[in-house]
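Next come two complexes built around chain A: one with chain B, the other with chain C.
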Partner chain A sequence: MGTGNSRHKLAALAACALSGSLLAGTALAAGPAASAASASAASQETTLRVKMSGSGVDTLNPFLAFFDGAYDVFAAIYPTLNSLDETGKPGPYLADSWTQSDDKLTWTFKIRDGLKWSDGTPLTAEDAAWTLNLITTDAVAGTANGSLVSNFESVTAPDATTLVIKTKEPQANVTYVSVPRSGIPIVPKHIWESQAEHLKDYKNDTFPVVGYGPWTLTDYKPEQYAKFDANKDFILGKPGFDHMVQQSFKSVDAAVAALRSGQLDYINGVNPTQFKALQADKSLLTIQEVGNGWTGLEINYNARTRTGKKIGTGHPALGDPVLRHAIALATDRQTLVNKVRDGLAVVGAGYLPPAWPQWVWKPAPGEETPFDLDQANKILDDAGYTKGGDGVRVDPKSGKPLELRLGIHSDDTDDAGISNYLKGWLETIGVKLKIQTLSMSALNSDLAKGDWDLLMDGWTTGPDPTFLLGIQTCAALPKDDGTAGNTDSFFCDKDYDELFKKQLTTFDLDERAKTVGEMQSILYKADVNQMHFNANHLDVVRTDTVTGVIIGQPDAQGMYPAQSYAFWGYLKATPATAKVTAAKEESGGSALWIGGAVLLVVLVGGGIALKRRSGADDRE
Partner chain B sequence: MSSLTAAGLAKAKGQGVKRSDLLPYLGSKLAAALVSFMVTLVIGFVLFSLMPADPVRTLTRGRPTSEAQLVQIRLQLGLDDPIWQRFLTFVGNTLKGELGYSWQFQQSVSSLVLDRLGPTLLLTGTATVLSIALGLWLGIRSGWRHGSLFDRIASGTSLMLWSVPTFWLGMILLVAFSVGIGPIPSLLPAGGMSDPSLPQEGWAHVVDVAKHLVLPSLTMVLVVFAQYVTVMRTSIIDEMGSPYLLTARAKGLTDDAVRRRHAVPNALLPSVTMIFMHLGILVSGAITVESVYSWPGLGYLTYEALRIPDLPLLQGTFIVFSASVIIMNLLADVVYRFLDPRVRAQ
Partner chain C sequence: MSAATNAPAALDVPRHHAFSRFCRAFAKRPAGLAGLGLLVAFGVLALVAPLFIGDDQLNVIKVDGPQLSPPVDGYPLGTDQAGRSVLLLVIWGSRESLSIGLIATALTVVLGSAVGLLAGHYQGWIGKILMHVTDWFIALPSLPLAISLSAVLGQGAASITIAIAVTSWTATARLVRAQTLAVEARPFIERAKVLGAGNTQIMIRHVLPNVMPLILVSSTLTVASAILSEATLTFLGLGDPTSVTWGSMLQAAFLGGAVTAGAWWYLMPPGIAILIVVLGFTLVGRAVEHVLNPRMVGR
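Then we have the complex of A and B:
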């Protein structure tokens, strides 16, 4: 008997063990959509649930943060002097107007009166002056944003509604210095003043965080979520939701699953495969934004220091414009767009991305570099690059075969796709590629030392192009000892540098854009930074839970303005009326299936138990 | 009398030898563990310092940074210090119990590790316990009736799941149970450790975390439990021809009792080794599972450290992981001594 009992216990245990996880899961699962719906129905309060930026939050201290996720949070909870419109042009925010002096060295911002921080303390020009001064004068405070104020001579607040910024040299982009996400957030002086001495150790994690913006940060858990309450008195408009949650997803696939199952309302940034798959889902709106970045090929332009000292191990032939142009001719950008991005990108040409139309430049008709393998072969033949027995050409000056290293990012599928196409195309013109898959950090290390030939690269930029243009100047080259410098390709051109200085001090937007266009023309003709494409930014929204999160109207090609600065989208989003009904229906369906699953488990478990019992009896 | 006295002395002496044996045994194991730890410290520092990397450039990639900023950041991070100085600082800090300051998260490594230790242990601990229970049970049954239908199904299924890439299995389970397929609705959350819109305390939170735990732990169990099945099954089969089992049967014990009381205890030792090995790597988390399900664990933290690379964070997690393995190995040695008389006899 005893044996029989133990058998029965074991059999029951077996059934439980085999189905334990499933049982636990189904028993516990009330269904994610159901829980969200009940919470919203019970309290009648609405929550906008979005995916946190992929890079996440490194720190909540705005003086030290570098990651995009942190700047998304800062844009929500801290004010800036200016806002940005759909096309990236500065508009009013804390400042409702601004003027320049005749000598262009003094900017006067009129700060709105009557604003208050979330703890009730008045928000004045003094807060802005203190923040900007601290970054200007304190090295630690300038860790993240020091470059934006490096030309500031002084910042003062003569009264509560006047902010005066004096610059050392005329500076055209002062209205971009403090804008949501890409600029400097203004912090409350009365909170931060006591932290200034030990800024490096201040985590800014006392909730709710005192700030002023469309939202107030009420909770944050690293790698999990950030929770916000709406600021119903926000000067630029009342948020359409009562709360907002930015949830961290380490894999976009998981975020897509969360969106499809109703746990998220909006994802800013999916890949082409996910985008195309989601287009069939009628409960989702899939939209393409014009891209705010580029993907392209960097060519090691004879790496050297500022004094001209040669460094690194780059192939010497890459200094020859003929070889660089041949590589450009041998690159079929349209095929890369079609095959690598599934058609969801714009063929690249100009250095600045289409998200900011004021800076867009395209080569004049007849100046475009076509895909022409014959022409590429011809110019190489003409320049004396003869093919060896193995089909690889030889540099006539150094005698070295054209065997080039191509560094690609190990975590970037676009790089992997592009490199395979490039390898084939370049082989047909007698250039052999050796693909090196490296981490971003290793690529950066090689880049700085000049230990590379070709690199896949990509940049995104905010609406002010100064930094991105700056990394192509001679001043970005490293010093002789290898330190400093943030060059991207060791490009150095005197005409380009002159234009760079000129655009910095050109206050007329059209005139500045013209100068920036000339700079892009120089880069295009140099073939050092070869733009492959500007990937469209791909977003997905649940239409049954949220509306209005996408800002602007699509153009003739169906492309929306850049949404990556989600400041306006999160502010203007409102709950869709169908939400509660849909969620209730889904909840009912879930309950039904949970019941079915539990029943199935019980039946299977019981069956196993009976089978074991019968087997035990037979053996006994 | 004299013989009794001699016997008594011998007995006393024998017991004394046993007691005094334990301390040198423990001492030698402890010393070896300390040496291992020091060696891993050096290896960890050297390995990570040799990595080709430009952490400042990678860290600042997303922001406009001037030359002055880059210099300042290098200074703050101590990257311009000579390597011997960095090594001495690293060793000194470690011996003081400090794990340094993360370059990317701008806070102490120990606080980052502590923040993620709970979620890591919850996930890997749950998965390990379930894997051990399921794996050993199936292994014992399969081995005892090897060649049977049960054995073939259990062994085949477990080995097949062991061969499946964790990431792939995770995605499949995610789609099946979180998104739903066909008539199957969404049953479980897609990721994270809790639903941010619910209260983060009380029983509701516990239930919510349990819901979020199901899919990641199930994924880990399905991939890992085959190891226990295989080892336990093989051990049982090895024991099956032993004469002591024949003796036990001759005494009239039931098949079940022979298996439980005689075969299993003797077959358990290899599994004990494996259990302790797994306990040692519990804290290192599971990068792939944590990535698929956005679980805030130590495995993903290490991956994030590697991307920059954030050397203090990498070294800190390396120390924690190494120490954990070393401590568990030490414990395994001690437990072995109690479980296996042959170890005591050596």
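Then we have the complex of A and C:
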């Protein structure tokens, strides 16, 4: 949704299509998964078989898509102006060089000559200009990525190999606006021009989809798979496989079973329990990526609109920094890392994740908030929050007891785990939590209206932090009529906003990093967004079928850089030379069957039991 | 069953006799006794659980067991991801699972019997409307309805109980209506009417006692399905994530990757506990049905 950002939990919305999906997941685990994948693998040509992002694809129309699965597809089939290298720095793609004017307002991109869309039409700067202009000028086209180009004055293509972007204010991150996966994909003008009128209804599902990238999309079935053919003439290198299949799995356990039985080559994103179980498997490579996101607690301290009108039903006491700090003091982040993520995470502090070291900020020694329940109790006592008969403190100003709602994502095990711990710790400082499990859409709707006290939230970000920092600015607050807000916690701070503008116009990396650090310091002290941890991203690869899908080298702790798997990983993956076909079921297999059987008994039994009630006839 | 023995007894004695006769007949059914034994065992465990399970064993911030460990000393059924004993969780989970099952059944029986009785007694437009409403509920797919209901009511034990009751009262209603129709066709009802009995008296004093055995049988079977429904709905994430029930244990195990990890000690106990209790109720229900239903005697 922004410069290299995606709300990863937004994506998981689809994953909670509850009953059917779980049954389907169990069935997949037991039955022959990835039938589409294995069919094509049987032929001479090679196929890379990967798990589709858990979110699936919401739409193949890149102007409207929000789900991670869709971004993965676009990264494969549509070009961007820049690519990103391993460290997250912009590199060449459609543009092979770029310059900026002295006043920092005009950017000139040199577009490569001689590229052709998959239908043979030449790919020129005009395509890029048309796409970016459409997003700048058309509200529907700007649905997904409009915020990335809001500062663009004009985009023009004086000739086929030159693209000129003029910005209203100097903008440091122009080279991040069109990057694979998290930026704006460039679409072929000759295909899309006729669709611009009714963009909202255009599904973009005529196969093969005309595009340019390492792959061409040849088939897509919702909730099932997306199939690709390699683009042998791709400018940044020829893909190592002839075909690629992204297979949809409703449950990661089902995908793991497919991987173990050799029906799948790569899974991006397993949970710590699965990761540790798979480490013992000799035919699999398990790697940890440095986390590119955070999981944490948000506090509704002051929900209001841009004009300062109070909205929502947040608990008034949360406006008090003392109470917020007490909550921070009562959160043992190390225990959360150890127990909820099985140790495979970094204790959170700064707002930006460790995957992009240039932006990482840590509180100065002595300024960290420790885990100290006694201190939390003490500052609450001192501030006049007296305990009632039931052990729950009362807000001295409003007279309301400190009973707070904590919204968590219904499809997220981390959230459920963390909520158990938070409930326990906060109980010991006299704050009662009421856990509300909500779907992503219900949670977002409550968030926008301010109808919440505490929320578990998580974001991931690409190398440019502008979007993630932007959702904490006053400009992100909703209007009085409730629209146009993409605030994350109704945070609004003048100093923060000034620094936000400053970093956006700072072209020196170190200086910009310093400004971004000051912003994170403001957030840390406000205790409104409390970072719990940065989870390491966990991947599994079959070593007997694929090599090279993992990009970069591990550091001393064995941590790999954040993987741009959807672009570089799938492009650089090659078939393993010694191909072993017979893959053995590991010891986990029997447990899998038993577990599946137990689940089936409960689910099917429950279904039958409910059904039975409804199917009863008159018995005398 | 010898019907002649209670002929000379006093007014309240036949009922007493009927009960002891029922008990004797029930005692001759080993499957029913076995089911009853299972239920009593689980019931006692659930009731005495607070004596030996407390916050120290259940609160994730206080436990210190190994994480997701197979059965070891001190943890006969292993531990969950937070380091809590699975055995204690299963025992504790029986409290909420059983109480939701029983309360939902009570609601189901009360609602279903009331609707069935009224619809059977007032056969005019009231009965028609009630039966049309019942038919409408029967036509609705139960699981999606239960899911949407508990989603609307907010998650937690209360809303799951209501969701189960709302989706499962229809069978009882139809059953009771049919029996009411049969009973009201008998001559003694006509006699009561002639003697001046009002609607309420006929329904409560004459029809209800005759319908009661059927309700009893139906309710024992309803408990079994209510417990399964509870586990299903909690497994689907509609329960309170901080409370311990069998369904929520299965959910935590499943979503936490216990299947891949081969953590059978985490997945199996709650599943088997559900199996045993549902089996217990079904066995008891079948036995009661056999005893009370004269047509099934000898089968």
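A few notes on this one:
Note that in this section the second predicted complex is superposed on the first by the 534 of 620 C-alpha atoms of A that agree within 3 Å, B and C clash if a C-alpha of one lies under 4 Å from a C-alpha of the other, contacts with A are read in each partner's own complex, and residues count from 1 in each chain.
The rule is simple: contacts are C-beta pairs under 8 Å (C-beta built on N, C-alpha and C of every residue); 3 or more make two chains touch, one makes a residue touch a chain.
All of these numbers come straight from a predicted model, not from anything done at the bench.
In the superposed model, A:F467 makes contact with chain B only, not with chain C. Look at A:D58: by the touch rule set out above, it reaches chain B but stays clear of chain C. In the superposition on chain A, contact is made by A:N444 with chain B only, not with chain C. Of the two partner chains, neither chain B nor chain C is touched by A:L236.
Legend: residue contacts after superposition of the two complexes on their common chain; A:L105 is shown touching neither chain B nor chain C.
Look at A:W425: by the touch rule set out above, it reaches chain C but stays clear of chain B. In the superposition on chain A, no contact is made by A:L199 with either chain B or chain C. When both complexes are overlaid on chain A, the residue A:A277 reaches chain C alone and has no touch with chain B.
By the touch criterion defined above, A:V245 reaches chain B but does not reach chain C. With both complexes placed on chain A, chain A has more residues touched by B than by the other of chain B and chain C.
Shared interface residues of chain A (contacting chain B in one complex, chain C in the other): 18, 22, 29, 251, 253, 257, 439, 590, 594, 619. Those residues of chain A that touch chain B in the shared complex are 3, 6-7, 13-14, 17-18, 20-22, 24-26, 28-33, 35-36, 39, 47, 49, 55, 58-59, 61, 64, 66-68, 139-140, 142-148, 150, 200, 203, 219, 221-225, 227, 243, 245, 247-251, 253-255, 257-258, 260-263, 439-442, 444-448, 466-467, 470, 475, 483-486, 586, 589-590, 593-594, 597, 619. Residue ranges of chain A in contact with chain C, taken from their complex: 16, 18-19, 22, 29, 251-253, 256-257, 270-274, 276-278, 332, 335, 339-340, 342, 408, 410-411, 413, 416-417, 419-421, 423-425, 428, 435-437, 439, 587-588, 590-592, 594-596, 598-599, 601-603, 605-607, 609-620.
Residue ranges on chain B touching chain A, taken from their complex, read 51-55, 57-74, 76, 104-107, 112, 115-116, 130, 133-134, 137, 171, 174-175, 177-180, 183-198, 200, 207-208, 210-211, 214-215, 217-218, 221, 254-257, 290-294, 296, 300-301, 306-309. Put simply, chain C touches chain A in their complex at residues 59-62, 67-68, 81-83, 137-144, 146-147, 151, 154-155, 167-168, 170-171, 174-175, 177-179, 182, 222, 224-226, 228-229, 231-233, 235-238, 240-242, 247, 250, 252-264, 267-268, 271-272, 274-275, 278.
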